[in-house]
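You will see chain A twice below: alongside chain B first, and alongside chain C after that.
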Partner chain A sequence: ETPHCLVHTMEVEESSTHPTTALREFGCEQNLLSRPDGSASFVQGDTSVLAGVYGPAEVKVSKEIYDRATMEVLIQPKVGLPAILSLSAGHTRFSLFYLCPVSLLLSRRYKASLCVSVCLCVQGPQLLACSLNAACMALMDAGLPMRCLFCGVTCAIDPEGHIHTDPTAAQERESRAVMTFAIDSAERRVMMSSTKGSFSVSELQQCIAVSQRASGKIFQFYRDSVSRRYSKML
Partner chain B sequence: MRETPLSNCERQFLLTAIKEKKRLDGRQTYDYRNIKITFGTQYGCCIVDLGKTSRVLAQVSCELVAPKENRPTEGILFFNLELSQMASPAFEPSRQSELLVKLNRQLERCLRNSKCIDTESLCVVSGAKVWQVRVDVHVLNHDGNIMDASSIAAITALCHFRRPDVCVQGEEVTVFTPEERDPVPLSIYHMPICVSFSFFEQGTYLLVDPCEREERVMDGLLVIAMNKHREMCSVQSSGGIMLLKEQVLRCSKIASVKVAEVTELINKALENDKKARYVFEFL
Partner chain C sequence: MAAGYNHSVEPLLKYRIRVKKENCRPDGRELGEFRTTTLNIGSVSTADGSALVKIGNTTIICGIKAELTAPPVDAPNKGYIVPNVDLPPLCSSRFRPGPPGEQAQAASQFIADVIESSQVIRREDICIEKGKLCWVLYCDIMCLDYDGNILDACIIALIAALKNVQLPEVNINTETELAEVNMKQKKHLNITKHPVGSSFAVFDDTIIIVDPTAEEEELSTGMITVVTDENEKLCAVHKPGGTALSGEKLQDCISRAITRNREVSKLINEVMQSAKLK
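Up next is the complex of A and B:
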């Protein structure tokens, strides 16, 4: 069976009412690898990530959990050994490890193993957000029971206090603080946050509000790309 | 995670098909799957697809290091092949499996021991600073013949790679960014490429470019690394089959044809990428 491949790209235009929620073009391809049960690649700006999901499958007795599935997250940096992860790659692994069980209904697949492996094809800015999106698309492709979808949005606060969503590498370098939020699709709540730099409480709240608005566009993109994929299959 | 075992009837079916000169994907005995070579945005990033399924990614990087004591004027080449769990559920993470060691060794023999890269040109200051070129090969999807795909990906990535230009003034070494000075390509003498042959029924039947299913039922494997000048770079036989001299010679003849085709393909891909980059720069 040949894998069904489709590439979708979408450009989100800068809206005049909310100039801060501008996102750059992103692209996604699902089911591009034949071996994993679900796979997806996600390209966001200069960053590109490939994710593959195996499962539910047999689990080693030593790792078995009687009431839910055992989750494993593997990160593969493009240069260097996977055992020695860079700070950002290690953080991505950590985040996915805690985020996936929140969105997946692991208790439905008890005494089984799920494995998410992520290959960082082009390590650019917003690695975390891009990895989260790729992992979510791969989990969706694998057809695992989920409570909600999730997406990652990155915001940067520049020295003047302006908030930029989807910052470029240069914007990220010059910024005072960079934050990445994982947002769920059901109620647009924050599932995880990762922050760097200093900011005030009101700035954090503003960033969350902006990210929640921006997440709508990403979820719409998820929906569009999946519906386009299945409309061609039928 | 364990691999799904191959059932006896599947095994029987595959072997009967091979005896009747038929293959699962409709190829002939000596046919290679379609090779697709694509490049990433960075220099030295190459993805090789064999057919629609096997996929390998290679990335070349470099850094300035102190040379080895016994070779003060030679740059260092480092190869690292990774079998991630993404490629196949049978691959255990962070474990040196027999297959991994075999593949890594073969890749080293094919690319380092064949002296296809001029390591002396990688020297910056004798005994103090040399370039260490690192080739990371990631198997993304395993559908047989990882070795051939990896060797094609690695040599193509090495040809595609550009290292930063350096300038030595007395004791001082200046490394230029790509904006200051155009990066320079590595000097490559020849391009060794591996061709795998799988043997069935104690060497009675032979297939070129086995897929994953065929690899599971084969008795032995012969990997020949050769360049387009028909020079052998390495020969590796595994699986414990006895081969006759004629068989090995026949395989080397087939390999020379395949290598010529693949080299042509790589050169074309590199040429196309160069043109695309040239156009992109002027836009």
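Up next is the complex of A and C:
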């Protein structure tokens, strides 16, 4: 069986009503590797990430957990040794490790192992958000039962206090604070948050609200790309 | 165990019943109550600055070593601050000897982020001569007893130790171009911000408890750490996955973190004052 490929890109126009929720073009391709049970590549601006999911599979007795599946997250940079991860890559791994179990119903697959393997193809800005999106698409592709989907959104606050979603590398450098949130698809709540720089409480709440709005677009993109994929197969 | 709560087959069930029925935790604390925090500064005489913090049973010691070095090439007017969190096998059975584990690395990264985000010290202040000489502050944070909530304890230990640091005056001799250290003239660092962290654990997807113990951390479905400074600005909202929270729940955590900041700042000031009197 040849892997079914699909390329889907979306560009969100800068609307005049909510100029802050503008997202750049992003693209996704699911099921592009034949060995993993699910795979996806996600391209967002200059950043590109490839994710593969193996499982549920047999678990080593030593790693077995009696009431839930064992979860493993591997991150591999495109160049260099996987053992020596950059700080952002290490952070991504840590986040995915704590994030995936929430959306996956691990207790349904007890005594099984799941492995999420992420390859960072082009390490641009918003590596974390892009990796989260790629991982979610790969989990979806693997057909694992999930409680909700998740997506990553990055916001930057510039020195004048304006909020930009999906900042470019230059915007990120000049900004006063950068935050990345993972938003769940069910209730649009904050699953993960990672921040840099200092900001006020109202700015945080604004950024969360903006990210929640932006997440709607990403979830719509997920939906569109999946529906288009299956419409082609039928 | 001293807390009157023992390991059983179903610790979660026992815990759940207790929390739901009595709105109180196994160690008798209310849901929004921190454990007793104690602080001792200057505990390591061989370090340039040090502090020992206890939050309940959790014990963290921080020692700061200052060395002279050449400034980084990309920022010649700045010095270095290098934090490192060590979780040795001594502090808990969950840690093994060998290279630092995931949690220790994540904690080190978190502390480095807090220093960077909050601007505790302006890195320009620890540069002595632009492009030639600067201080490097090695902040070694070590856990002696792991009973949950190490991030809060690490930040308090770090700030108190930095406030305890006294650096000798250094001049560069214009003729020989060599550094001359005057050990008689010592100066405190200029600490511009006082970040304080507050950690919360989400329990049973709905209940938020403050300052979790190691046991509670294990039973929780999510953790969140909020770091604020004295101007009520946020320096970090760190939530590595776990149960999703709404904006309102986060707001509750932030409000609690702001009051905690006042409590801890008061504690640090009191300890600094009493140290001066000695």
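Here is the rule we use: the second predicted complex is superposed on the first by the 234 of 234 C-alpha atoms of A that agree within 3 Å, B and C clash if a C-alpha of one lies under 4 Å from a C-alpha of the other, contacts with A are read in each partner's own complex, and residues count from 1 in each chain.
In this section, contacts are C-beta pairs under 8 Å (C-beta built on N, C-alpha and C of every residue); 3 or more make two chains touch, one makes a residue touch a chain.
Since the structure is predicted, the reported quantities are computational estimates derived from the model, not experimental observations.
*Asks:* Which partner does A:91 reach: the first (chain B), the second (chain C), both, or neither?
*Replies:* In the superposition, A:91 touches chain C alone.
*Asks:* Mind working out whether A:99 is in touch with chain B, chain C, both or neither, as first, second, both or neither?
*Replies:* second
*Asks:* On the A-aligned overlay, A:76 touches which partner chain: chain B = first, chain C = second, or both, or neither?
*Replies:* The answer is first: A:76 touches chain B but not chain C.
*Asks:* Is A:205 contacted by the first partner chain B, the second partner chain C, both or neither?
*Replies:* A:205 sits against chain C, while chain B stays out of touch.
*Asks:* Report for A:119: first if it touches chain B alone, second if chain C alone, otherwise both or neither.
*Replies:* The first partner, chain B, only.
*Asks:* Would you sort A:191 into first (chain B), second (chain C), both or neither based on which partner it touches?
*Replies:* Once the two structures are laid over each other on A, A:191 reaches chain C alone.
*Asks:* So in the superposed three-chain picture, is A:35 touching just chain B, just chain C, both, or none of them (first/second/both/neither)?
*Replies:* first
*Asks:* Show me the residue ranges of chain B that touch chain A in the complex, using the header's touch definition.
*Replies:* 1-2, 40-42, 45, 52-53, 55, 57, 59, 61, 80, 82, 84-89, 93-94, 134, 136, 138, 140-143
*Asks:* Which chain A residues qualify as touching chain C in the complex?
*Replies:* Those in contact with chain C are residues 87, 90-91, 94-102, 148, 177, 179, 182, 184, 187, 189-201, 204-205, 208-209.
*Asks:* Can you check the complex and tell me which residues of chain C touch chain A?
*Replies:* It comes out as residues 102, 105-106, 109, 113, 116-119, 221-222, 224, 229, 232-247, 250-251, 254.
*Asks:* Residues of chain A touching chain B in their complex?
*Replies:* Its residues touching chain B are 2-3, 33-36, 39, 46, 48, 50, 52, 54-55, 57-58, 74, 76, 78-83, 113, 115, 117, 119, 121-122.
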